[in-house]
Every structure is written in C-alpha cells, then in structure tokens.
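This is the structure, below, for whatever I ask next.
Which chain is which? They are A, B, C, D, E and F, in the order written, and residues in each are numbered from 1.
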Amino acid sequence: MSRVRTPQVEKLPSGVPGLDIVTDGGVPRARTTLIAGTAGSGKTILAAQFLVEGVRQFDQHGVFITFEESAEDIRRNVASLDWDVAAFEAAGAWMFVDASPEPGEPVIETGGYDLGALIVRIEMAVKAVGATRVVLDSLGAIFNQFENVSIIRNELFRLTVALKQMGVTALMTAERDDEYGPIARHGVEEFVTDNVIVLRNVLEGEKRRRTAEVLKFRGTTHQKGEYPFTVMEGQGIVVIPLSAIKLRQRSSNVR
Amino acid sequence: MSRVRTPQVEKLPSGVPGLDIVTDGGVPRARTTLIAGTAGSGKTILAAQFLVEGVRQFDQHGVFITFEESAEDIRRNVASLDWDVAAFEAAGAWMFVDASPEPGEPVIETGGYDLGALIVRIEMAVKAVGATRVVLDSLGAIFNQFENVSIIRNELFRLTVALKQMGVTALMTAERDDEYGPIARHGVEEFVTDNVIVLRNVLEGEKRRRTAEVLKFRGTTHQKGEYPFTVMEGQGIVVIPLSAIKLRQRSSNVR
Amino acid sequence: MSRVRTPQVEKLPSGVPGLDIVTDGGVPRARTTLIAGTAGSGKTILAAQFLVEGVRQFDQHGVFITFEESAEDIRRNVASLDWDVAAFEAAGAWMFVDASPEPGEPVIETGGYDLGALIVRIEMAVKAVGATRVVLDSLGAIFNQFENVSIIRNELFRLTVALKQMGVTALMTAERDDEYGPIARHGVEEFVTDNVIVLRNVLEGEKRRRTAEVLKFRGTTHQKGEYPFTVMEGQGIVVIPLSAIKLRQRSSNVR
Amino acid sequence: MSRVRTPQVEKLPSGVPGLDIVTDGGVPRARTTLIAGTAGSGKTILAAQFLVEGVRQFDQHGVFITFEESAEDIRRNVASLDWDVAAFEAAGAWMFVDASPEPGEPVIETGGYDLGALIVRIEMAVKAVGATRVVLDSLGAIFNQFENVSIIRNELFRLTVALKQMGVTALMTAERDDEYGPIARHGVEEFVTDNVIVLRNVLEGEKRRRTAEVLKFRGTTHQKGEYPFTVMEGQGIVVIPLSAIKLRQRSSNVR
Amino acid sequence: MSRVRTPQVEKLPSGVPGLDIVTDGGVPRARTTLIAGTAGSGKTILAAQFLVEGVRQFDQHGVFITFEESAEDIRRNVASLDWDVAAFEAAGAWMFVDASPEPGEPVIETGGYDLGALIVRIEMAVKAVGATRVVLDSLGAIFNQFENVSIIRNELFRLTVALKQMGVTALMTAERDDEYGPIARHGVEEFVTDNVIVLRNVLEGEKRRRTAEVLKFRGTTHQKGEYPFTVMEGQGIVVIPLSAIKLRQRSSNVR
Amino acid sequence: MSRVRTPQVEKLPSGVPGLDIVTDGGVPRARTTLIAGTAGSGKTILAAQFLVEGVRQFDQHGVFITFEESAEDIRRNVASLDWDVAAFEAAGAWMFVDASPEPGEPVIETGGYDLGALIVRIEMAVKAVGATRVVLDSLGAIFNQFENVSIIRNELFRLTVALKQMGVTALMTAERDDEYGPIARHGVEEFVTDNVIVLRNVLEGEKRRRTAEVLKFRGTTHQKGEYPFTVMEGQGIVVIPLSAIKLRQRSSNVR
C-alpha cells in the first residue's frame, strides 16, 4: 500500500507486421496472451514469429515450449518463411523446451501431467538464454487429459501466475472447434488469461479468409473487430491494419 | 406486520456516466446486482468504477473482493483509466479482499471452497473501512468447482442474503459464454439475484459494439433494451443514454 | 357414476386489467395455473397482483408462498406499485408462507426438500385467512435440487392434487431459460399442470417487448397467441387485449 | 401358411368431423394409433372424442385409461364440449381405468411401474363394457421414469401387442417438446407403433394455428401433409379436410 | 494374389420401378445395402417389394427377417399393395424369420441380444428356400439396447460379413430421427455398410414429399441426388427417375 | 544444433489429376495427411488412387492398411476404375495389411486395440515391398472404441510419429458426421496431424456436389478454399483446379 503511483500496463512491440497497430503498440508486457484458433489458423506461425522478430529486431531472446510437434518439426515448418531457427539456437538466442513425449513411448501411461516439473523446466530455459519472450504451443495437448473444467481453470491460472513471476512476456496457443462458437475448447481459458487474440480462417462462399482480432486486453486499449491477415512466403504473418469491412472489396487481390 | 408503510426499493447513484439515467437513478440500494458478460466485456472495469466513483463523488468507501486477478493486477489494469487505487487504499477508503490462491500453491488441492470463511472476511473488511459499496469479481472462479447446479443456487443465495444483512450495495460479476445465449453460465444466477445488468461485446460485421442492458430490477423501474457504451482512456465506462437503435446511424463516430 | 350433469370448468376473474379478456373470463377456478417466464419477465408481479386484486375487488383472501425472496423483499418490491401488502396482512386478508431458508444457515445441508410439510403449512395458512387464492413463487428454488425429471413430475403432480383438494385457485411460477425454447426448465411442468400462461420479455432489435400468452387451459376456452402487456408504476401489470400483430405499428408509443 | 388371401388393413371410422376424410376412412382397426403433440395441442380432446363419437354414432363402447388427470377432471374438462361422460358411464357404455396415483400418496415410492398389472386392468375393463375402442392418455406419465430408451421401446411394444390381442382399436397419446423437432419425447415411440398422427399448435407471428397430420399408417393409405383443425365449443375437434396451404388465405376467419 | 483380373462389383436388378435406373442397374450383388429413413418413410415397403419383385420377375427366392412387426402384420400391411405373401410362402419362395419376441413375454428380460443365434437362423432359412435376397427390418429394435457405439459398429460389421459369406444380396433398414441430420441413429451404420440409400418424407410447406437418394455405393456408379417416389396402391413404390429439381414444377400432380 | 540450414517441408506429387495443383505440388513428403470426409465422400478412392498413381507414374511402392473392408473388397471396389490392384500385388509393388477382424470371430471380445502390434505390422510391410507411400483406411474403426478423447489424441500422435520415423508419406482417412460441422469425429484429429484435406459431398438443392479442400499444410503453402472434383469411371478422382465459385455456372455440365 505505497503512495507510489501504480504503473500502467505496458506493451511489448511484437515486431509482427501490422500487429502492433492493431494492438495499440504490442502485446501486454510481462503478461500472458492467449492465441485461440482452429486447426491451421496460424497459431504456431504467429507464436514462432513473435520469437523470431524478438531476436531480429530487438535482440530479445526466446524460449519455445512445444507439446506435440517436435523441435525439428517446428524448425522445418518455419523454414519456408526464411526463418533459420537453428542459427538462432546456435547463437544462444533461442531455446526449445520439448515437452512432447518421446516418439515410441506411449504418452498415455505417464498418468496426470506434471505441471510443476514443466514450470521448472521453463524457468531454467528462460535463465539459460536470458529470455524476454516465451511461447507455449499448444495447450490442447496437455489440457485434453483433464476431464474436470475446474482443474483446467486452476492449472491454467497457476501457469500464468508462474510466467508472470518470471517476468517474461508470453504467448500461449489454444484450440477452437468452431470459428464463431466458444472462444476456446473448455470455455474457461479466455476468462483466466489477461489477454486474448483470436485467429480465424473462415470459409466465405468456397474461399478462405484469415482474420485476427484482439478480443480483450485487460487494463489497456486495442483496436476492435477483425483485421485480415495473410501468410507470406519468406516473411510470415502480415496483418493489414485496415478494418476488414473496408477491405472487403479490395481483398480479392490479396492472397 | 406493522401498520407502517413498507419502504420502497431505493436506488444508489452509481456515479458511472450515463448508467444512472439508464437505471432510473442508480443500482438498488442494499441489494446485490449481477453484472453478466463475456470475456473482455467490461465487467471488471464497471465493478471497479462503481467503487471509484463512490469514493470520488460520494465519499462512500468500498471493498473489492477478487477471486483470480491479484489486487496488484487490478490496480495496474485500471491505472490506464487514471484511477489511483493505491491512493484510495492509503486513505482508508478502499480495501481489497484477495480471495485468489497464493501464486505457486495449487488451488485444486484445497478442496471445496469455504464460503462461510469468505463471508466473514468480507464482513471484517466492510467494517474496517466503513464500506457502503462492495464488489465481487468474478463468480466464475468459485462456482466452476461445484458440479451440482442446486449447490450453486443455494450458495449464491446464501451469499446475497449475507450481503443484504451487511446493508451494503453490491455488484457481482458472472461469466457468460454467448452474447445472446443463457444470461449466465449455470442458468440459475439470474433467478437468484434481485437485479441483473448484462454487458455485451457484439461482433457486428467485423466490428465490435459494446452495450449495457438492465435485464431486471426487482421492485423498481429501469429503462428497457440495450444502450451502447464505450471505454474511454482516463475516464472508464461511459454509457450513452440514447436508444441504441436511434444511435445506429450516428454511432460510427463513437469509439 | 351419478346421473347429475358434470359441472364444467369455471373461471375466477383475476382482476388483472386485460387478463380476464385474454383468458375468456379469468383463470380456471379451483385449479392451478402455471406462470412460466424468464428472469425479470414479471412472474412475481403477476402472482402478487392476482392476490392484491382478489382482496381489493372481490374481498377474496390470499396466501403467498415464497421460496427464495423473503416476505419483506416481496413487500418492498411491490411497494412501488402502490400495493400495501402489510396493510392486507394486518387486516387478516393476506398471509405469507416463507418457505425460504433462514439467512445464514446453509440450505444445502437440509437434504431433500420435505414437500409433505410444505403442503401442511399451506393448508394451515389457507384455513387461517380463509384464502380463496394461493400463489407459489417460484418452483425453481425447490425443483433444482432433484436430478431425476420423473421425481419432479411426480412431486409437482402431488402438489397440484393437494391444492385442488383444498379448493383454492392457485398460480405457480416456473423459470424458463429461453424465450422461444422449452416452456419450462425441466420439460414436464407444462404437461402436469392443467393450465399454462407464458410471460415473455423479448429483445426485438435492441428494444424489449413484454407479452403474455395462454398456452393451454384444459377443458375451457381462451384467446390464442401473444398479447402485449406493460408494468405501470402504481398499478402493476396491464394486458392490452389486442392481438400483438395489430398493435405492432402502434406499439412504439406504449412503454 | 394358408392359401386364403391375407385380409387387408381395415379402418374404423372415428366419427370425428373431417378426420375420416384425412385418414381415408378412419383409424386402422384393431391396431394402436399414436397421437403425438405438445402441451395443450388437443391430444386429450381427440382421444375423448374418439370414444364419445364411438358411443353416439356407432354404439361402440369405450375404455379410457388415465395416468395423471383424474376421471373427474376428464369428465369436467369435456363438459364444455357438451359431452356427458357420466351419462355414458351410467349406461354402461364407457369405463374409466384410473391408473393415476391416489392423491396424497407419493407416486415416487411405488418403484418401477407394473405394466403387467395395467394390461390386466385394461383387459377386465374392456370385457366389462364390451369395449371396441380404447384410449390411453398419456404415455408421458409412465415412460418418464425409465431412463433406458431400450426399456421404453420394449414396454411400449409389449403394450401394443397386448392391445392388438384384445382386438380393440386404440389411441395412445404421447408428449412432444417441440412442434417441428422429434416426433415424440424418447425418439422411439413412432417406430414401435403402427400408426402416428401428429397434432400441432404452431405460433405463426403472434397467432396460434392448430393442425393435424397423419405421419404414417402402416399398410394403408391416408392423406398427406398438415390439415387445420379447430376446437369448437359444444362440439369438439373439427378437422378441415382441405390442404392447409389452400386454406391459408381464408383461414383468418376460422377460429 | 492371383493373376486373374479381379471381378468388378456387379448389380442385382431390384425390379422396383425406377429404382434400377437411379442405381445404374440395381443394388450391389452379394452385398448389403442400408435403407435409412424416418418413421413411415417407406423402409418396410421397399424392403418387402425387393423380395416380391425378386420372386415375380426373376424367380429369386427371399428371406424376410422381422424384429418387431410380426410376420402376420407384414403380410397384412402389404396386402393393400396386392402382394400375396402367403401365396409365396406356400410356394416355398419366401420365408419369414420372426426375430420379434413372443407377444406376452417381456422382451427386456432376455438380456443381451444373441446375434450369433440370429445369424444361424438366417443361414438356415436361406438354405431352406434357396434364397437370393434377404431383408432385415429393422435394425433399431436390436441396436437400441447397446449403449456403446463401438459395440454397435462391431456387431453390425459382423452381421454384414456373415451375409456376404452367405452370398446373398441384402437390404437392411435403419431408423433416422431427422430428415437432414445424421444418416442413421448411431452415426456409424453408414460407415460400416458398403451401400446406403436414404428415403425421405419431407414436410415442404404443409405438404409431404417422398424422395430416395443413393448416398453411396462402394466400388460402383449410381445417379446422384434426390429422386421423388410415390407409393401406389396395388403396386408399391415407384421411383421417378427424373431429377427432383426438374420435376418440382410438374410434381404437384404426382401423389 | 547444426549450422546446416534446416531443410524445408518438401512435397510428394500425388499423381491424382488436379490435386497437385491445388496442393502446390503434392502432399507433404515423409509426413501424414488426414483425409476427412462423410460416408461415401471418396476417402477410400483417393487413398487407393494415391497408391495406384505412385506405382504407375513414379514406380513408388505402396502399403494399404484396411480396418474394416477386406483386401478383397477394396480390390473389387476399385476394379470399376480400371485399377488392377491384384496385378500390382503380384508384381511386388503393393501390399495389403488387413487389420480388420476375421469374419465370424466377434471383434468386440479382443479388448483394447493393440496399436503397438499394428505399427510393427506396418513397418514389416513397408520393408517387404520397399514402400514410399502408405495408406490407412479408416481411423473410425479403431478409434470408436476409446471413450476418452485424450487417449485418441495420444494414440493418433503415436501413430503419426511412428510413420514419420519410417520415412513414408502417408494418407489416413477419418470419418465426419456433418459436411460443415467439426472437421473430424472426435474434434482432435485435425490438431494432431500436420496436414488436413477435407472431402465434401454436399446436397445443394436436390443435387450432390463433391469438393476437396486443403484445410492446413503445416510449414508450406497450398491453394485455399474448396475445389470441385468428380469420380470418373476407369480413371478415379479428377480435381478441377479452378475456384469452385468461378466454376459454379459452368458446373452443371460436369458430372
């Protein structure tokens, strides 16, 4: 209860083209932002690009926690975007925490997931590379095994508190089943986390259209509504900071 | 069974710009009003602003019970609205009751939530600062762990009766999953509480539009239907007391 | 098996303005009518007004059974409608049966609800004031604790049979979750009771519109479809006995 | 395996005005026809009228099995239609089998319903009055207590086989929750019975419109689609044997 | 692994008017085709007609397995279509396998259905009359008692394999709840069987319209989309092999 | 952590007419692609054709794992497309792994599916014919027996990891219940696999229209939206690499 004025929520520029305009300056610093989207909506690309641009533009190091795709898969998947993750790793600016099971050993037998051990591993990796940014991709793999929605809520809460204590700025990806249904699979993820960005990949007529929307940023401002984005080879996600409505007519030229 | 005429339901002016017009004078005094809304719909801001304006305009003290966000998070989140909660606390006009678990300790192991203990803590805080206003944000965190809807109904009823006995005017926030689906998550919250205000954050085309609606005020009047509001930096929620329909054409200029 | 002609179903004029036109003369006498509606739709006001007009216009006494709101709350809530319930009580024309739990004592521990004891208490109150009219508000509080829909059906049936044997004309309120979904929460209430009136509070555009509809009256006639009503200060519910369709154009002037 | 030609499915004229045109001659003789409808759709009136017209027009006696409404209630409910059931009973042309529980005794304690005993009681009543027609109103009360849909299917099948063996022509009423959803509550009733008639009470705009439709008659013909009907005081159900579509324009004059 | 060219999927002309055009020559020979439809959609008539036309036009004998309707009921139901099943039986060209329970004995007590015994009974009947065609009507009666969808899938698979080994061409009927919802009740029937034909009985406006559609024929061609059909007295099902769309205008003359 | 540049995701030309245009060069090499579709949508044909074109055009050998249809059934089903699978088998270019149960023996008794044994059998077959391509058709048969969605996710993950380690390019088919509902039955399949292609068979008016859509290809590009395809006798699937929207007018001439 000090008389010192409480600091406001600050933003960390993501470096993703267009995103920092739509978010009014970046993602909330030292907090966790949930990235929710359907299969193939671009969650992993956005998460990886957040780390890539951190290293490239701001010399901020990153930790990438994977739960299903192997580190090797991630490296390869983003290679087409001209991101040389292996080089970053070699330079000590990037570290993978591979929380996915060993291929061959059945995951199911390991019983309940040990979240405490994961938090320790993240903390060690953060210290090892002096990380500013952390990415967890994706929650689905660990939360599907809890049947009780109350456990999911508590575990998720515990995870975000731990990340806040480490002082890192984090992105966590979560799976959605429907483009305009519940925000995330278990219906509680969006209430527990401070910030939520939704990625959509909508079938309009027989065409697909991608959009990003800041659903909430606790304690700070952001642009409202959906903004179109595109995934460009050799570049990654580019958000177009013009209201999607205005873009509608012209958008047929954007791939 | 006295011959004295029964007093009518009185209103406590909230001080939130526009809201006291839409509510025909404020929220019902010495009763609890449920604020239901989806993630990011503005529940926490409205709740905090209710206390802030109480202190600022009417010198009424307030108690803020948090269940997931820490007191520090709340302080920081509202700092962008130029509300210096720490100063109020220092002045003895505001007290947090932090009912959220200690970071690090797993919430899940503590078993069933002890509502009796919570009521005692609220009562002590109310006495400590001489509070007129109380805010509970949010119910989701405690009620998700009960599986039986009948228990939720009874516990919620018990809580509102206890608050009524303390003589405070309270706001309680509740989570919704869909903008036009059930009022609150468990389908009973809105029947147990005397008063319900719904906050919406509707995707219209690709744009978001915020509205507030008094769904019911037992025993007293209110304006009907949805009224648009906006969250303004350095000010908080401003409800526009004009029918949303009439505003539709002009509303593109309102952020 | 007498040769005496079976008497027809008679009606008891409710005294609620407009309602007796829509019901072709009132609610069925010596039977129970279910009033189903969403939160804030006006169930409690209609129920109370049924007793109020009974005393005022026909000198028929009434018993009001509450399950969650205290008698004091009801008295206060209807005070704005200029109904002085305490005066009626003092005159021996009105009695509350407060079936709600004592504030402070946890409802949940009392186990299964004792319906037999409730029936005895109702019977005693009916005799005490010589009641013609009985109101039960609301069923939700007692039936939420039964998981089995078959038990609800049987208990509800038992309750209506008991009321029929007392010879009183009763209104019972039931909670609905959706304006145009199932009639009542458990999907059986409307089959067990002889008569059903539905109160609606529909969001049309961003405006609310209230309507009443007689869904069924076993063994007698009634007007069909929805009729608009309004709650007027110092007066209560006023049903407008003109088809809602015809009123649509003019209804913008009606509050 | 005789060489005698198998007799076709015959029809029993119901005597209900208009219905015998829509059914191409009546309901299938010596079989059971399911009457499915929502609350207040007219199931009980149609069932009773089937017995009444049997006595009046064809001197065929009837048995009416009730499961929830008492015999006295039924007598009274149809009195407004000028049907003097008590007189029929006195003349030995009508018998009630009251399968509803004694008022006062809790239904729920009697455990699983004893269908075998019911079948015996029906058989005795059929013999006692020499009944040609049997009515069971309504199935909901007994089938709601079975949780397993397979038990419902089997019990219902057993009941229809027993009725077929008695040689009577029967109507059984079943409850529906939605006008255009599943035919009957448990989703199997319509497959087990040979014949199905659906009664609807549709809200069109804010008006109600009643229709009857023969959904299936195994082994024989019938008119297809919905036919409007009305309940006329002193007369009962009158089906208008003109396609509902053609009637639409003119139907505003029909109550 | 022979060098002989694998024979293609052959078709067995059904003999049902129009159907062999829509199916490009008939139903797949020596395989099972699922006939899925709502109550009264014509499943039993199509199944019986498949056997009738087999005897009449191609001198192929048939076995009809019933699960709920008795053989006598089937005989009578199709009598109005001028099919003298008893005569076919006397001539040794048709045999019923009555897998329905004895009337009077409660079905439910017989425990789990003995599928192995059923397969043996079918095999014996097929040999007894030298059957080419087999019909099973309907699956609902036996599969409703399994709660586990995986058991249903396996049992159904086992049944189709057994029929394939007997070398017969079979039709099996399955129940649907909605005209345009899931193909069959348990959501697996259509994946296990090689071929699926859907019968619909759609309410269009207030009129019913019947259509047949080949949903899939593994390994062979068929016409696509819905084709209207009608049930004609003294004749049975007649499929109109013209696209339903083209027929729409003219179809008002077809009953 | 080598300095060697991470290789990008490569594509394996499928050889299916049109598909390699829509996929920007084929399916991802050495990975698994999920083919999701409703009953009869063409999953098995696409899977078989992937192997057939591999042998014919690129001399790449294939392994086909079946779970319900027997090898003989598959051979016969594709014979109408002029694919002589038996000849390929004789030439050592194709091998079936028949993971379906022996006809006659009840599948259900074998308890939980032994995925480890299956992986070994696939590996042996891959070595035996030197396979480049592997097909698994269909997942439904094995995953329906797990009740827990978390087990399905883990087992599926384990399977795809094992296939990746074998170095083969695989297609796996999965069942869907609705054309525009969840991607696959259990709502997790599409998140676990790297790549997803959806086959649709949409009822438009009363006509069927087939389309293919690449929903996601992790780490590489593809065309977006739905592309029409047709199954041509003596040829198989032909994808029309023109946007379905553009084709709409002309498509009435395409069968």
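We take it that contacts are C-beta pairs under 8 Å (C-beta built on N, C-alpha and C of every residue); 3 or more make two chains touch, one makes a residue touch a chain.
Predicted, not measured: the structure shown is a model, and the values here were computed from it.
By the document's definition of touch, chain C and chain F have no common neighbour. Although chain A and chain F share one sequence, what matters here is the overlap of their interface residues, and that overlap falls short of half of the numbers used.
Rounded to a multiple of 5, the Cα-based rotation taking chain E onto chain F is 60 degrees.
Chain B and chain D have Cα centroids lying 53 Å from one another. Computed centre separation for the pair chain A/chain D is 61 angstrom, with centres defined by C-alpha atoms. Chain centres here are Cα averages; for chain C and chain D they lie 30 Å apart. Not a single residue position of chain C touches two or more of the other chains.
In the complex of the two chains, the chain B residues touching chain A come out as 39-40, 44, 68-69, 73, 75-80, 84-87, 89-90, 101, 103-104, 106-108, 138, 140-141, 144-145, 175, 177-178, 203, 205-208, 231, 233. The touching residues of chain B, counted against chain C in their complex, run 1-9, 116, 149-151, 153-155, 157-158, 161-162, 164-165, 180, 182-183, 187-188, 190-192, 194, 196, 211, 215-221, 224-226, 243-245.
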